[in-house]
Structures are given as structure tokens and as C-alpha cells.
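Contents: one structure, followed by commentary.
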Amino acid sequence: MDSPTATLLISCPDQQGLVAKFASFIYANGGNIIHADQHTNFEAGLFLSRMEWQLEGFNLSRDMIAPAFAAIAKPLQAVWQVHFSDTIPRVAIWVTKQDHCLLDLLWRWQAKELLADIPLIISNHTTLQAIAQQFGLDFCHLPINKDNKIQQEARQLEVLRQYRIDLVVLAKYMQILTPDFINHFPHIINIHHSFLPAFAGANPYHRAYERGVKIIGATAHYVTADLDEGPIIEQDVARVSHRDTVPDLIRKGKDLERVVLARAVRLHLQHRVLVYGNRTVVFA
Amino acid sequence: MDSPTATLLISCPDQQGLVAKFASFIYANGGNIIHADQHTNFEAGLFLSRMEWQLEGFNLSRDMIAPAFAAIAKPLQAVWQVHFSDTIPRVAIWVTKQDHCLLDLLWRWQAKELLADIPLIISNHTTLQAIAQQFGLDFCHLPINKDNKIQQEARQLEVLRQYRIDLVVLAKYMQILTPDFINHFPHIINIHHSFLPAFAGANPYHRAYERGVKIIGATAHYVTADLDEGPIIEQDVARVSHRDTVPDLIRKGKDLERVVLARAVRLHLQHRVLVYGNRTVVFA
Amino acid sequence: MDSPTATLLISCPDQQGLVAKFASFIYANGGNIIHADQHTNFEAGLFLSRMEWQLEGFNLSRDMIAPAFAAIAKPLQAVWQVHFSDTIPRVAIWVTKQDHCLLDLLWRWQAKELLADIPLIISNHTTLQAIAQQFGLDFCHLPINKDNKIQQEARQLEVLRQYRIDLVVLAKYMQILTPDFINHFPHIINIHHSFLPAFAGANPYHRAYERGVKIIGATAHYVTADLDEGPIIEQDVARVSHRDTVPDLIRKGKDLERVVLARAVRLHLQHRVLVYGNRTVVFA
Amino acid sequence: MDSPTATLLISCPDQQGLVAKFASFIYANGGNIIHADQHTNFEAGLFLSRMEWQLEGFNLSRDMIAPAFAAIAKPLQAVWQVHFSDTIPRVAIWVTKQDHCLLDLLWRWQAKELLADIPLIISNHTTLQAIAQQFGLDFCHLPINKDNKIQQEARQLEVLRQYRIDLVVLAKYMQILTPDFINHFPHIINIHHSFLPAFAGANPYHRAYERGVKIIGATAHYVTADLDEGPIIEQDVARVSHRDTVPDLIRKGKDLERVVLARAVRLHLQHRVLVYGNRTVVFA
């Protein structure tokens, strides 16, 4: 499975023959499909698909795949993306002071669980600068306060452009991004430290403790202008009891946060997540 | 373990020597403790305990246990209850039209998983009357509409008194009880079809679908005047995906509802749940 | 989604163009695919697929689908089955004395979670005969001892033929079937009361207790001549602790057994399970 | 809760009055119990208890606690240990080439989730030497082959003595220790990469794949002379499907291994684990 592959992610209005048309496009050009997943949302009348095939032996050059597929996609009003497995996405990790999600992502990156280039950590504090050094990453310190947020976001966008970043991962970045920033750079994954929509907003573990819940959770989602309301990619939970204090909930929550965020980032990097409306299809 | 036992449930302001005092009370009277659980909530300065011991060989007659323990408890400002394992609690199950929780509870009751007398089903519909017959239970049909709610609640209270009911289990009873009713009969367990506090209120499965969550849940809680805000006894969750339609969520949710409600009722009947503030200690 | 559908389950040696060929067969005949799932096992060089499409508007009559598809399948050396959603499979449930799996299946059947005809319960004891009556099913009592097993299995096969049974569900049937019986009737699902391959064989809960495991499980699998070694369809687990006695493990295990068996039977009835070698693909 | 505490772990033949006696010992000497847990195993006739109390205000000096308690324990034939929360256990982590468990333990140690001194990593390879440097730990390289095992184990014991190690954590140490070594140093926790007793022995992920299980697991246990048969401290599981290849199982398994091992080590370091026979009581 080591030869490079192409992946198509497609959404279009549902109609007959879509699987046949898309699969035939690949087959007619000599491609060998290794994964094909479809989902039809009948209420929305929407067909969503992910197809991955080996580029070895494929008759179309990489440059030609997009224009050739566009000819099929256009009459179907399909929205689509094509990705090549050896075009490695570039990721910037944003942090504040907590290191658990950052370290977990970097370990998985070193262990080749995350196929990405990670050239850069951005932070509003310098607390985690040493980790950047240790992993040989650039560290961009952009402190945020009430007065400089707009200017610093402009600076952040510039840095993302400069490093040709494809994906921002908010790995416990404790600042809210403005809708304007998100419009300019819509590829952002965040980890929220609760089982959304429970305990949206601040201090979820304190509130979980006060409410006396028996299970806590974490949620990885794409960031949209509506805080804590973006499309959910992954969630997981852990059982707690009356014996767990707030620090216990925070400690158990950290374990959830790291695995949930790592799974979401991996799914995204493998082009397994399709957003429609405020929901996701995860072709896992 | 078949000889009868006594169980003390105690809450009191924390201070030194409580375990020793309570355990010595039992030992000094010849009792053999078979379960002793304690929990100290340091913020609240509260000590909570459950002690269960064999009545065989205990030197105090059942009548004398409460007055004897009161002498110890009073100076400690303890709130406490004593229960005997062979005093079987009497339970009324309230339903509307859905049978899954009702059938599950009755099957567990027959299988001796729930040590209770269940003489009565109360419903605002007649849909499940046949189940009452099949299990040899009385069925009390009290239809509710906007105009008769107060009168019918008065009638419900009368029925509960008449049948000497200790615990009401709302097993998908789709009516809201008035604060007045709850004041008069505060021993009520409800099953909520979501992972509270997410999706409190109506139609949680539809809203979970629309939010695109990856996990759904169910919550069993004591009923208080604040709708869906009572102390949580038990919760559980199940993984869902984009493939799950609203009917799938409802189907998977039913499986959660029945086990979560059954576990909560069993814990309550075994006197393992202590409420403090709006939280519970579950000595499981 | 209520119009009838056809489902193809296909296994064949992997090669290029399979998705395109199979999907095109359906599209060319005017079918609307509502679910298409594929899996390629690269080590085995095997392609496995499930395609479901609406029969309304399909140009081939039901009788013609098999021969038409055979023409495509033969040169590909495909093994395949076609099922129609309104051809309801006929199921016999086999039990001994325990009722929890039987009742659970029958509830789900009444709640329309299991699309099957269930005309018959077979048992080597009469303990559960009343349940057959209650649900209006025939009850076939075939006691087994060391001397009569062969004759009784012949009788069982006759009964299965007579009732035109498609699937046998061993819902806590505490007898081992002979390889000869399994050869004659290979469509059998069993529930094993452990997380196989842990604690294969007898008394798994006692052995789990003795081993001090912190998690117990249950396994639903197709029955093969190798006891407890057939292809696994579904498994689930529950956490236990030192507080759980053997009866507690049995009680918690019963909850696992009923949901695991019910899920496996539902997956099978929806033609979502493909066996290859001793493994299954579950298109869930 | 930051003042130092003492913890008693006690096993003794069950009899009346044990809770009262042990709690009274603490109370009579002015101690404030902050956690008291008991468990009675009725088959074994065994009482097991963990009591933790604040040393501040306790009338017995630390030196006097053991002799004073021995006077109570001896007539009861109790086996017991006393620990002080500010006497930090010293841990050596043993590894071979895989870093995931090691890094996870060291990160938790830095995050103060594990209250231990970790002065030393021992390995039969040099692969992970850089991690020792990064965390400022000594690294002891003791390569093992068929001929030198006995000598190297002698050397290992010497190193453990020299560093005054209390606990050895086998964090993917891929060598089997001899019974003789285990006799000399019986405080060893191992992580096994399967849900024991399923797939004891080598290559559990390959065997799990071949068996087609739907759930994989990991097990942390104390090491005894019987390979993979020691008392289980903690287990956890993850769901897998036909889509998961052996490398996927290994990747998912690594996530299980690190959390299961970390939880077991934390429980041990907090003196929450009591071994009896081949089982554990975990006072979590």
C-alpha cells in the first residue's frame, strides 16, 4: 500500500448512477480503487463519497485529474476536492500554556501516525517554547490582549501564509478567534474540553463537577464563527464518580482531549471528513 | 449472605472519628459489617457513609436500632436513614405508550435483579394495560390534559398512598409533574433520553442528530422541581455515526434508556444512593 | 425508504474496476443505490461488497436479477447472494432454560427492530414454553441426552425444513451441535458468554472471577464445527471490579449477552455480514 | 489536602469488629481519616482495607505507627503495610525499543500525575537513550542474549539496589524475566498488549487480527513467575473493525497500552492496590 494514491471527496445532490459514474471515471482511466465509501443523506437529498485509488498505472497525469473530473462533476452540481497521498499537508499547532495535546500530537507525528509537515507552533505565551526547540520546530510568539487582537490576527494570517499552512490545530489555545479570521482561514480544528453540547463555554470541568455528571467527554470540531458550534469530528467520554474532584476531572479530561484531538487530526489529514451543513461524514 | 441485613445511610458535617464512631456502634452491639463505604466531600465539609451489617446476632432489636443510633447521630448533626433488607420497597411504574423500559424493569423484577414489590402501573394512556395483566399488576389509567392535571395529580397521590408506594419510577412517562406533586412525593426516578445536560428538554434525539454528535446518552435522575436538573444517579452512552438516522438514534437510545434506568432503580433499591445538594454519592 | 430494496453481497478476487462494474450493473438497469459499501482485504487479495438499491423503477424483474448478475459475476469468480428486503427471513430461536436472550429478541421483534418471521422456539427443556404461548409461537420440545443426540438432531433438521427456517439463533442453548448437523444447516448464530477467545469453553464467568479480570464480555458468532471458534459478528464488554461476585458477573454478563446477540441477529437479517475465512466483514 | 498522610493497607481473616478496631486505632491517636475503603471476600473469608489519614495532629510519631499498629494486627493475623504520602517511591522504567509507554509515563511524571522519583531507565537496547538524556535520567544499557541472561539479571538487581528502586515498570520491555529475578525483586508491573487471558504470549495483535475480534485490549499486571498470569491491576479495550489492518491494531493498541499502564502505575503509587491470591482489590 505504499505507492501514492489519489482521494476524491465529493458532495452532490443525490440522483441515480452516482457510484457508477464516479467509479467508472477511475476505472476507465486505469485506476485501482482501494477504498470507496458512500453515504446518502435522504432528508438533505445529498450524496457524499470518498474514493481512494492507486496512482500507479493511472492514465491521467496528476494535473489532468482535476479538469477531467470537473467535466463529470459540473453537470451533477458536485462540490469536490482531490488530494494526493504524497502531498503532505502542512500543519501549525496553536497552544497557550498546556502541553498535553501538543506533546501528544508531536509524538504521533514522530511515530508517523500523522502524515503531515509540522513546521510551526504559534502561541500567545512562551511557556511551551522549549518543546518547539526539542522537536526542531519554529515557535511564533504572538501575545494577545484586548487591544491588539485584530493586529495579531493579521500577523497570524501572514505567518500561516508564509509557512504555507493548510491546517491549524488549536491544541488548547485559550483564545477565541474572530469570525473575520475564520473567514480568511477556515481550516481549523479545535479540541473542546467537554462532551458538546453539554458545558459549552468556559470551565466545563467545574460545571461538570457541580452538575454531578457520571461521565465526562471531549469534542474535536471544526471552528466556525459560532463558538463551540462547529461541525463535530470526534468525541469520546470517560466514566467519573463522586470520588473525582475537579482536579481529577481535569486530569481524566486531558487524556480524553489528547486522543480525541489526535483522532480528529488524523481523520482530517487522511481526507476522511466531509462537512455538510453543520455536520460531518467521517469515512473511518 | 442470605440472612437479613440493616443498612445505615448517613450524611453529616465532617469531623474526626466518624468512621470509628459509626463502626463501633455496630460492633459494640454485636453486628458484623459486610459493607462499609465512606466519602468525604472536603469543599462541602461533608462526610457521607453507607454501612451494611448482618442482623443475625445483632443485640439490638429492629425497633431499638433507630433510637439507639439517634443518640449518636444527634450531637454530630447527622442526617440518616436505616433500612432492613427484608423490608421490600414498594414501587409504582409510570408509563405513557412506550414499553421498552417497563418491560425491562418487569423482566429484571421477575429475574430477582430488583428486590421490590411492584403492585401497580400508572399511565395516562391505556396502551400498555395488557402488560399489567400479563404480569399480574394493577393498572391505573389517569388521563392527563391541560384542564385536569391538578385533580389527576391529587388522584395519583391518593393511589400512591393507597398502595403504600415508596418509589415512583417514570419509565418513559411523558408528562411533567408539578412542583407541588414532587413536594408531596419526593421519591421519583426519571429516565431522560439524553446525556444531560446536553439536550435537556424535548426531542433530544432529533436535536442530537441535527447537532451531529458522535455519541448519544441517557440519564437517570431523581426528579426535582427543576425539570431535567435533578441529582443524576446514572448515565451511559453509545457511539453513533453519520449513518444513524433519527430512528436509529431512537432505537439505540432505547437500549441505553432501559439499562440506565434499571441500574439506577437497582442502586436506589439497594440503598446505595445518597443525595447531597444536587449531586449523588453512589456507593456501587 | 419504505419501498422494497435488493441487496447484493459479493466476495471476489480483487481486481481493477469492480466497484464500477457492480455499480454500473445496477445503474444500467435503472436502479437507485441507497447503500454501497466495499472492503478490500489486500493480504487475501479479496474484494467484498454490499450494495443495496431500490427495486422501484428497476428494469429487471426479481427473477431476472440473479441470472443477469451471474453473467457479470462468473468471469470475476465472484461468490454472491441477492436478497430482497420484503422477503422476510424465517428464524427459529433455540433455548434451554434461561429467558433473557429469548425475551430480548422477541421484544425487539415485536418492536420491529428485527425484520424476521419467528414461528418457532426449539428447546431441550420445557421451562420456557409459556413464553412461546405468550408470543403466539410454536414450541418444539426435543430433550437431548447422550444416547439420543443423533436422532434428535435429525428431528431438529426435519423441523427446520418443515418451518422453512433460514436462520437458527442459539439464545443460550446449552447443548453442543454436532459437526454433521452444522454441515446440514450452516446458518446458525450463537451467543458465547465471554469475550472470546478469552474463556472459551464452560463456566466463563467463574473463570473470569478467578482470573480477576477487570472487564467481561460477550461474543456473538456463527457456529462452525470448531466449538467457540466460528467467525465473530459482534462483541461487547462491561467493566467489573473486585466488588463483583460471580452472580454479579453473571447478571452483568446477561445484559451484554442480550444486546450483543440482538445486534448480531439484526446485522445478519439486514444482510450486513459477509464471512470470509474465519472472519467477518460487517457493513454496519 | 496537601498535608502529609499515612496509608494502611491491611488483609486479614474476616471477623466482627475489624472496621471499628482499625478506625478506632486512628481516631484514638488523633488522626483524621480522609479515605476508608473496605472489601470482604466471603469465599476467601478475607477482609481487605485501605485507610488514609492526615498525619498533622496525629499523636504517634511516624516511627511509632508500625509498632503500635502491629500490636493490634498480630492477634488478628493481619498482613499489612504502612506508607507515608511524602515518602516518594523510586521507580525504574525498563524498555526495549518502543517509546510510547515510556514517553507517556515520563510526561505524566512531569505533569505530577505520578508521585514518584524516576532516576533510571534500564534497557537491553540503546534506542531510547536520547529520551533518558532529555528528561535528565540515568540510562543503564544491559543487553541480553541467551548466554548472558543470568549474569545480566544479577547486574540488574545490583543496579536496582544501588538506585534504591521500589518499583520496576516494564514499559514494553520485550524480555522475559526469570522466576529467580522475580523472587528477588517482586515489585514489577508489566503492560501486556492484549486483553488477557485472550492472546497471552507473543504477537497478540496478529492473532487478534486472524481471529477477527471486534474489540482489542491491554492489560497491566504484576509480574509473577507464571508468564502473563500475574494479578491484573487494570484493563481497557477499544473497538476495531474489518477495516483495521494489523498495523492499525498495533496503533490503536499503543493508545490502550499507555493509558492502561499509566493508570496501573498511578494506582500502585497511591497504594490503592492490594493483591490476594492471584487477584487484586483496587481501591480506586
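When the chains are written out, they are named A, B, C and D in that same order, and each has its own residue count from 1.
Just so it is clear, a residue touches a chain if its C-beta (ideal position, glycine included) is under 8 Å from a C-beta of that chain, and two chains touch if they have at least 3 such contacts.
In this text the structure is predicted, and so the values were computed from the model without any measurement.
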Count the C-beta pairs in contact for B-C and for A-B, then report the pair with the higher count. A-B
Using only Cα atoms to place each chain's centre, name the chain farthest from chain C. D
Could you please state the distance in Å, as a whole number, between where the Cα atoms of chain B are centred and where those of chain C are centred? 37
Centroid distance [mean C-alpha coordinates] between chain B and chain A, Å: 42
Find every residue in chain B that makes contact with two or more other chains and list them. 243, 284
Using the contact definition from the top, classify how the chains connect: line, ring, star, complete or other. complete
Of all residues in chain B, which touch chain C in the complex? 99-100, 103, 107, 111, 113, 134, 243, 251, 255, 259, 284
For a test of understanding, state which residues of chain A touch chain C in their complex under the given definition. 1, 16-21, 23-24, 26-28, 30-38, 40, 42, 239
In the complex, chain D touches chain C at residues 39, 41, 195-199, 210-215, 217, 231-237, 241-243, 278-282, 284
